[in-house]
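Just so it is clear, A, B and C label the chains in written order, and each chain counts residues from 1 on its own.
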Amino acid sequence: MPLWKIYHPPGSFSAADKKALSERITECYRGLPKFYVIVVFQEVAADSFYKGGEAVNNFVRIWVDHIARSFAPDAKAQKAKWLSWAEKALAPYIKDRGLDWEIHIDETPFDLWQVQGIAPPPANSEMEKVWVQENRPVPYSSAEENQATDVRPA
Amino acid sequence: MPLWKIYHPPGSFSAADKKALSERITECYRGLPKFYVIVVFQEVAADSFYKGGEAVNNFVRIWVDHIARSFAPDAKAQKAKWLSWAEKALAPYIKDRGLDWEIHIDETPFDLWQVQGIAPPPANSEMEKVWVQENRPVPYSSAEENQATDVRPA
Amino acid sequence: MPLWKIYHPPGSFSAADKKALSERITECYRGLPKFYVIVVFQEVAADSFYKGGEAVNNFVRIWVDHIARSFAPDAKAQKAKWLSWAEKALAPYIKDRGLDWEIHIDETPFDLWQVQGIAPPPANSEMEKVWVQENRPVPYSSAEENQATDVRPA
């Protein structure tokens, strides 16, 4: 679900840095299948990267799409808290190195999303737990999923 | 309208593959002007491409913006059907080659979109049919468009 | 806030062109802090860039995320006017050179956005004016911000 795109100056992150950053970002989504978390790094040379009309060689611009979960529109405190976790995940490789940075997140429709041709199971469903445990998109039938999440009173 | 962005491992698609894929994707939008369908391929090296904190060299991540048409929010079956077409279009070049993949689609505002400086005609309007036939953004006046879609009873 | 991504043919813009374009785009957001306006240019070779299934070598595809401000959903005239300004900003480097082009804008949630770890001040607040004047993300306390935007009758 989350797709992270990180535009950064050439050479600002080593391969080891990028792996570590992607692990730290993945940790921000505890409870979700790990394989949902995709991070793409892209170098942008200063002559292709502008902030307020000025070329930048010290700036990291991150955009993120959230799909598997969305915040309630008015859950301002919850959003701020989540962002503070994300900031903590990023800090050792960005803020603490003196790089400038900016991040924004969009939320996109759950049911316009597929992994390996499969519509991911509903949030917090039994099948989602299977996906977490196996860390892969386990095929399932819709009927199976409906049964799994059936919570009729006994 | 649809903008497709395809992140893929270096060398996974030849130029002929990419052309064929873009043609197959265009076919998914039958009824729309063909020139609406933009596909951008981008190679991402394994040391810049992470899934759940692990570098990937066998993974295709696709994100799409839909503009000209949007699904009714609760039209779950319709969305699933459309996605199944998209999956079929992609399969020979991705699934059938043993690549892993994931796709998600966002829907963006119709009236914040322009082609060659022109606001595209409304869905299913007479002018849109002209754009389909000529496969280019034919200039038109708003008045003309309003007249074309005027459906007063006789 | 606005993040502009410009896909263009290799070599179509010089570094000076890109700087000038980014300045002209920044001008479209007068009243906002200049440093909000990020523009990323990316070359796309013809064999990775398709329109309606055909490779393109003369086409510029622009996608934009708006965050700091959004249009009222039904403010069609206002959107069209703003787009006309954006088109004027782009024209000398795109239309007037005979390149084809397309642009679309999405609007993403204000409170899922941070600059240097700071939630940007509300639109038109006193603190936003400080950010405009200093052209940098000046830290502030939420209390301070609330006071600044307190508009109780005297």
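The rule we apply is simple: contacts are C-beta pairs under 8 Å (C-beta built on N, C-alpha and C of every residue); 3 or more make two chains touch, one makes a residue touch a chain.
No experiment lies behind these values; they were computed from the predicted model shown.
Engineer: Can you report the angle of the rotation that maps chain B onto chain C, using C-alpha atoms only, to the nearest 5 degrees?
Structural biologist: Superposing chain B on chain C takes a rotation of 120 degrees, nearest 5.
Engineer: How would the chain A/chain C interface be labelled, same or different, where same requires over half of its residue numbers to be shared?
Structural biologist: Under half of the interface numbering overlaps between copies: different.
Engineer: So, what's the distance in Å between the C-alpha centres of chain C and chain A?
Structural biologist: The computed centroid separation for chain A versus chain C comes out at 23 Å.
Engineer: Give me the residue numbers in chain A that touch at least two other chains, ranges are fine.
Structural biologist: As it turns out, chain A has residues touching two or more other chains at 106.
Engineer: If we count contacts the way the header does, which residues on chain A are in touch with chain B in the complex?
Structural biologist: Per the touch definition, chain A meets chain B at residues 1, 3, 15, 18-19, 22-23, 25-26, 33-42, 65, 67, 106, 108-109, 111-117, 119, 135.
Engineer: Where on chain C does chain B make contact in their complex?
Structural biologist: Residues in contact with chain B: 7, 44, 47-53, 55, 61, 63, 71, 73, 76, 79-80, 83, 87, 91, 95, 100-107.
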